[in-house]
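Chain nomenclature is as follows: A, B, C and D, assigned in order of appearance, with residue numbering initiated at 1 for each chain independently.
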Amino acid sequence: MSVLIQERPMVARADGGAFDPVVIRRQFPVFERNPGLVFLDTAASAQKPAAVIDGLAEYYRTDYANVHRGVYGLSARSTARFEAARERVARFLNAADASEIVFVRGATEGINLVAQAWGLAFLKPGDQVLVSELEHHSNIVPWQMLRDRLGIELVVAPIDAGGGLDLEAFAHLLTPRTKLVAMTHVANVTGGLVPVERVVDLAHACGAKVLLDGCQAVPRLPVDVRALDCDFYVFSGHKCYGPTGIGVLYAKRAVLDAMPPWQGGGDMIRTVTFAKTTYQDAPQRFEAGTPDIAGAIGLGLALDFMDGLGMAAIRDHEAALTDHARDALLAVPGVTLIGADGPGLGVVSFQVDGIHPHDLATIFDRHDVAIRAGHHCAQPLMDRLGVVATARASFGVYSDEDDVAALVAAVRAAQRLFGLTSAR
Amino acid sequence: MSVLIQERPMVARADGGAFDPVVIRRQFPVFERNPGLVFLDTAASAQKPAAVIDGLAEYYRTDYANVHRGVYGLSARSTARFEAARERVARFLNAADASEIVFVRGATEGINLVAQAWGLAFLKPGDQVLVSELEHHSNIVPWQMLRDRLGIELVVAPIDAGGGLDLEAFAHLLTPRTKLVAMTHVANVTGGLVPVERVVDLAHACGAKVLLDGCQAVPRLPVDVRALDCDFYVFSGHKCYGPTGIGVLYAKRAVLDAMPPWQGGGDMIRTVTFAKTTYQDAPQRFEAGTPDIAGAIGLGLALDFMDGLGMAAIRDHEAALTDHARDALLAVPGVTLIGADGPGLGVVSFQVDGIHPHDLATIFDRHDVAIRAGHHCAQPLMDRLGVVATARASFGVYSDEDDVAALVAAVRAAQRLFGLTSAR
Amino acid sequence: MMDLRDLYQDIILDHGRHPRNFGPLPDPSHLAHGHNPLCGDTVTIFVRLRDDRIAEVSFEGKGCAISTASASLMTEVMLNKTLAEAQALFAHFHTLATGGATGGLTGGAPGLPPGLEEEGDRLEPLAGVKAYPARVKCATLAWHTLEAAVRGGGTVVKTE
Amino acid sequence: MMDLRDLYQDIILDHGRHPRNFGPLPDPSHLAHGHNPLCGDTVTIFVRLRDDRIAEVSFEGKGCAISTASASLMTEVMLNKTLAEAQALFAHFHTLATGGATGGLTGGAPGLPPGLEEEGDRLEPLAGVKAYPARVKCATLAWHTLEAAVRGGGTVVKTE
């Protein structure tokens, strides 16, 4: 697996101790408030540590004011904290400069920004955008809308029999007409790690730019955008222990500099007359209107929290727990894993013979086990896998083997309820 | 003034008492944490009451999960609270149905959504969008970008000598080519109330749709979108005591139904294949990706807070304090008010002979008086008024006559520092 | 803890596993597709109307136990009903499954015309779903689709 | 409370109210416009270079006391300086106003070549601005604009 991931030196936990989900869980008030909760839907959104919840509240209590325009102390403090959050994100992703960090609502808005600002400016009819069958709707629909508007082509790289990206097929689909490769870093249905280093190399060799969707990667492994050399990278704050309403579009400075703005309004302009308006440089050019100031600051706190645990430690934890969950589920007669041949991180999709995922989720909920059932915003992948829906369990820093045991027990309970245990 | 505002029955305060800013202020932790703070920049962004700050934190602690897709209890609770916030906004604006409420980041995103989804779909070269000289950049730049893209015309209704909308000139500018009138409800530089009922009537008589920018109105007076009969209404949560990152686009259901989507992604789709995607109905069609769930819930709490005080009481408070501030400032030799001939609500712009607004703001800050100095994101209005910048004081529910007294004292201190007192 | 058995009664599990009237009608007079975009479940309802009476009805699709059992039970009670009776059954079922959103003072069987009591009883096991708000749409999908089929046909229906 | 007098010294107020070298040069060899988009302040710098020496320099614009005084003092110290000396004064001023962002070990007068001490002293009153981060850009606008003017001319400069 190590060939697929950027290695960073192992970061020791802030308290110097071992990575212990039971201890970590105590930092998440939701588990105190919902005793017995087995939360296995972190891939949809992560729970929030007290450091983020309380830090957000404290910011509103002490330093809140609008940013960028106030001369007075409160506004200067608020601006400093907001821009420090941008620096924090830049450091977390190892971006070359904080000006490469654009705050957006989430990955979805980040991808739409690239499609509508970069795509409309630089793509011509006949150009191709290459995605994969693993993508979330957020990395499909914006390109379809652009296709229908511009007459570009949307090309789809297939998965292989094991549910991972078919790298050879991908390489064959790259042509000089490929202007952008837009691909997930970790697949949200299967947890599969995409070999993004190879994807970037192959795409760049062809002259294409690369956008990586890091929604499921940023919470789970060390990400270094400079080592990856990708042109765009997006992720959502709420999936990495931060507040809702905030996310990040990283782009290389030269790429941002060449892009026209997308939304117009305050903060992104230099001069405005009714005849003509001139725009700010990046990143302000792409942040029209009052940003989610508290969201950005909260995201900074969430990154502090993750770095405190250590991203390498988090990766090892997620990988080990995923392996364990795969084994434990496979040991239950009647359970099939979906797309779990390659290395997986934090997400396990499965089916149980004779029980629809929707029924599983309802039954699990009565056992306090929260999972997701459905198409996981990846209908094309479902079609390709020949299923309507899967059950999906996903992990976070607070998840452990006890959660997996509860999951397995819930599967067995569902089988009993459906009278399926004697069937084997 | 009552002809300009929708009247609602006077809402008694929750505690039955009089409207007392000193008591109200105790609900805002920022004043406890920053003793002596005289906060006169509420028009840029309002401070947050404990009910919002603590309610947000409590939501994250007890009910947090992603919305709309989970079968389990936590997700159902989170979804119910998110959708209840939508109902709350609908009730607050007296919208016909919650499906007319689209959550956005703020007014700026709301206007961009209308420009890029409605505008691109329904405007043709030669069509006109009519704005006023009073507008914030957020209600200018999106239309300029659309103009440059589509070849439509941007027409500007002038202000009169008193700094208010010149209604007669406005009426003359309406033509059958006017497809949209986009106008502020309360002007952010002057606090001037725009006679939006007349604007809507005249525009509709001409067949034009109307977008109202309610950023400075929603925190200050009862707004009834059905009585106004506007087609679009936008406002930002952070200006009405709610969190950053959330705002509202209201649009009549029939208008939303006719609009294509703007951003693509999860939650806004019905079915996705690589060949073809179908979209949800409004409002989901316009909410791609994970929304700012906590922001929406926090906005609901902020509206509860305002309704607890009573919007009619808030309006009366803001009007009275504005009148008082105008009088108090005018009584200081060397002070000029900007655009203050008509009724004003919550905002006073002024200049002091011989002292640049920027210097005023710095000097005031040393006296713990926080005001804004600059163009207030309204450069065209500045140009029209022949000034580079103004000093602006703006009020909230926690502001009172003591704040105005501190402001006046700060003006006098600045004049002393600049050696201007003996000049008169 | 609500007993899961209230939802997953034997009759539901049985119809979920062995749906009645499953498969296309060769030559339907009316047909509609239904779709639940949240989970991806789909259903197709086939109807042959004769003189305003549902002479034949069947369904096809992929769905959970609840949606399959609901569709299966629906085809059973709808067979040989007039359109007016079908409408009454639809209203009855809707109240049963949602807890009364369409009105009806009792939670039980509001306004079922005489002669349909037995059908009402056969639908009773579906009442358990109203305690599971996230699953109500699973139960109602087939019913909305049938309604669309006999009203016009060819429409795609969705429940969300 | 930081004393406002550290920022608004008499010399600043005087130059703010009565700027020296204010108004256009009739026939400048170099010119640039500067603009602070946050507050709308503008400045135009006019220069006549002769043999790499600033033979004449003036400014025009609308701004606060800080930006006006800074521009005014700048024109005074820049007069008759060679471009190399101007560069040294610029670096000196930048350190003074920002607290050392361009380097320099002391907060005071890093690397001012001999012969410019008096000019350094005359700029000292502008040092108060570094305690007011929101105002630093007011002080630096004219300087960045002058630099743009002599380097090429015609550019619009902004400080944010």
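What we mean here is this: contacts are C-beta pairs under 8 Å (C-beta built on N, C-alpha and C of every residue); 3 or more make two chains touch, one makes a residue touch a chain.
This one's a predicted model, so the numbers in the text were calculated from it and none came from an experiment.
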Neighbouring chains common to subunit C and subunit D, by label: A, B
Farthest chain (mean CA position) relative to subunit A: D
Subunit B and subunit C, separation of their C-alpha mean positions in angstrom: 47
Euclidean distance of C-alpha centroids - subunit A vs subunit C, Å: 39
Between subunit B and subunit A, distance of the C-alpha-averaged centres to the nearest whole Å: 32
Where subunit A touches two or more other chains at once, by residue number: 69-71, 75, 269, 271, 358, 362, 373-374, 379
Sites on subunit D at which at least two other chains make contact: 38, 134-135
Contact set on subunit C toward subunit A in their complex: 1-2, 4-5, 7-8, 13, 17, 38-42, 62-66, 132, 134-135, 138
Complex contact set, residues of subunit B against subunit C: 68-71, 75-76, 269-271, 280
Residues of subunit D that touch subunit A when the two form their complex: 35, 37-38, 133-135, 158, 160
For the subunit A and subunit C complex, residues of the former touching the latter: 354-359, 362-363, 366, 373-375, 379, 382, 388-389, 417-419
Subunit B residues touching subunit A - in the complex, by the definition given at the top: 29-30, 32-34, 37, 39, 41, 44-45, 47-48, 52-54, 56-57, 60-62, 64-66, 69-75, 105-109, 111-112, 115-116, 136-138, 140-142, 144-145, 154, 156, 236, 238, 243-246, 261, 263-269, 271-274, 277, 288-295, 358, 361-362, 364-365, 369-374, 377, 379-380, 383
